[in-house]
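Order of writing sets the labels: A, B, C and D. Residues in every chain begin at 1.
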Amino acid sequence: FVKLCVIVLYFAQSKDLTGLKVEEISPVPTPISSGDLWGLLLQRHPRLSILQDHVVLAWRDLYIPIGEEEVPLRDGDEVAVVPPLSGG
Amino acid sequence: FVKLCVIVLYFAQSKDLTGLKVEEISPVPTPISSGDLWGLLLQRHPRLSILQDHVVLAWRDLYIPIGEEEVPLRDGDEVAVVPPLSGG
Amino acid sequence: MSEERRDAFKLSCDWLSIQEVVDTVSSTSCGALSVFIGTTREDEVEGRKVIGLEYEAYESMAQSQFSRLCADIRDHWPSVIHICVHHRLGWVKVGDASVVMAISSPHRRDSQEAIQHCITQLKANIPIWKKEVYDTQEASWRENSE
Amino acid sequence: MSEERRDAFKLSCDWLSIQEVVDTVSSTSCGALSVFIGTTREDEVEGRKVIGLEYEAYESMAQSQFSRLCADIRDHWPSVIHICVHHRLGWVKVGDASVVMAISSPHRRDSQEAIQHCITQLKANIPIWKKEVYDTQEASWRENSE
């Protein structure tokens, strides 16, 4: 296991629920699934649980559903919490 | 047979072919079909024949195909010669 | 919340203002506003270059056909709020707008479908004609294909 | 006749200029220019009146998702020439445009179909969020239904 540092961006409801726009999380174990990464965020901010099943993550310009899939994070990567979109 | 006076408006090609924007035709017999009315215009302006099968008339905000149908003209009515439309 | 619905039509020899057309259909009860702008394309026909178009209309009938078109749009899309069409007459140089139309509705699907119908029906039914003018000083009357 | 094709995207806290968006997609090779404008409707939700919206975006990803959307549009409608989308951020009061988009093409069918696809895909894929703000000083985050 390598441990690394991840920058987490919070938008919309997730920003309101955490009171944060951005935070640095470390150490984050790797390899890690998107579900376990979301679990880490829930530990820090239990109120995020109301977004459960209504949220995805974004990493390197890709939307990542929360699940078993491994996210090949590198040290210093940015990960965003993406509640349901409402642009337009 | 009543005879009456009709104002004919020429647009687009028909204006170029007759050299006229408007003219008064009288006497016009009535009842008259749209085909016979077109025949009267052709007599006055033989060059209009190149529009044959590509033209309709307009009378009281209605398009009238050239044919057997009677046009219930009244004295002083306006009739327009309508070549293929090209607005927009 | 009932609001008077506007059907606005203008034939104009002046440059068309998109903002003016958009303002005419604006409404706080509408979330969607669809606009179509038709312009003169730069085109070559048999080696002659189109430099502009010359438009004319049977104005009184154009107005009545526009009213009929609006009634038809409101039949198909009852949620449409305002409809505005401005069409140029006279000389229109390449690149200038010859027609600007806008339709507003609470939701986007209605104004988008209605604007397609509006331009198709305008071309088919409103008595307006254009002559293409070439750099050779020749000209020819056009015919809408649809 | 080959012309560089523009994909222009702007997130802006200022009032959106329709004319600027239209000018960005203008081209003498285009006969058709379709525009869509999304505005904030006057609305009442459970007795509270909406007075405006507060927008935010994940800006860098919004730009990359826009590029992807443009590639998708050009796949489906290869004749599309220019694409421009301006989206407001921050406070947008009722009646103001929150998004203005325009697409140009030689013939109208392409730009009209492409603009419908563009707004649908923008709502589905571009990371932008809005919060409805009520006259009671309450607010709630929205969710696009499609």
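Here is the rule we go by: a residue touches a chain if its C-beta (ideal position, glycine included) is under 8 Å from a C-beta of that chain, and two chains touch if they have at least 3 such contacts.
Since the structure is predicted, the reported quantities are computational estimates derived from the model, not experimental observations.
Taking the mean of C-alpha positions as each chain's centre, the chain lying farthest from the centre of chain C is A.
If you average the Cα atoms of chain A and of chain C, the two centres end up 49 Å apart. With centres set at the average Cα position, the gap from chain C to chain D is 23 Å. Chain centres here are Cα averages; for chain A and chain B they lie 75 Å apart.
Per-chain Cα centroids separate chain B from chain C by 27 Å. Residue positions of chain A touching 2 or more other chains: none.
Of all residues in chain D, those touching 2 or more other chains are 38, 119, listed in ascending order. Chains touching one another form the pairs A-D, B-C, C-D.
Within the complex formed with chain D, the chain C residues making contact are 18-19, 22, 26, 28-42, 94-95, 97, 106, 108, 112, 115-116, 119. Chain A contributes residues 9, 11-13, 15-16, 58, 61, 80, 82-88 to its touches with chain D in the complex. On the chain D side of its complex with chain A, the touching residues are 38, 55-58, 60-61, 64-65, 87, 98-99, 119, 122-131, 141-144.
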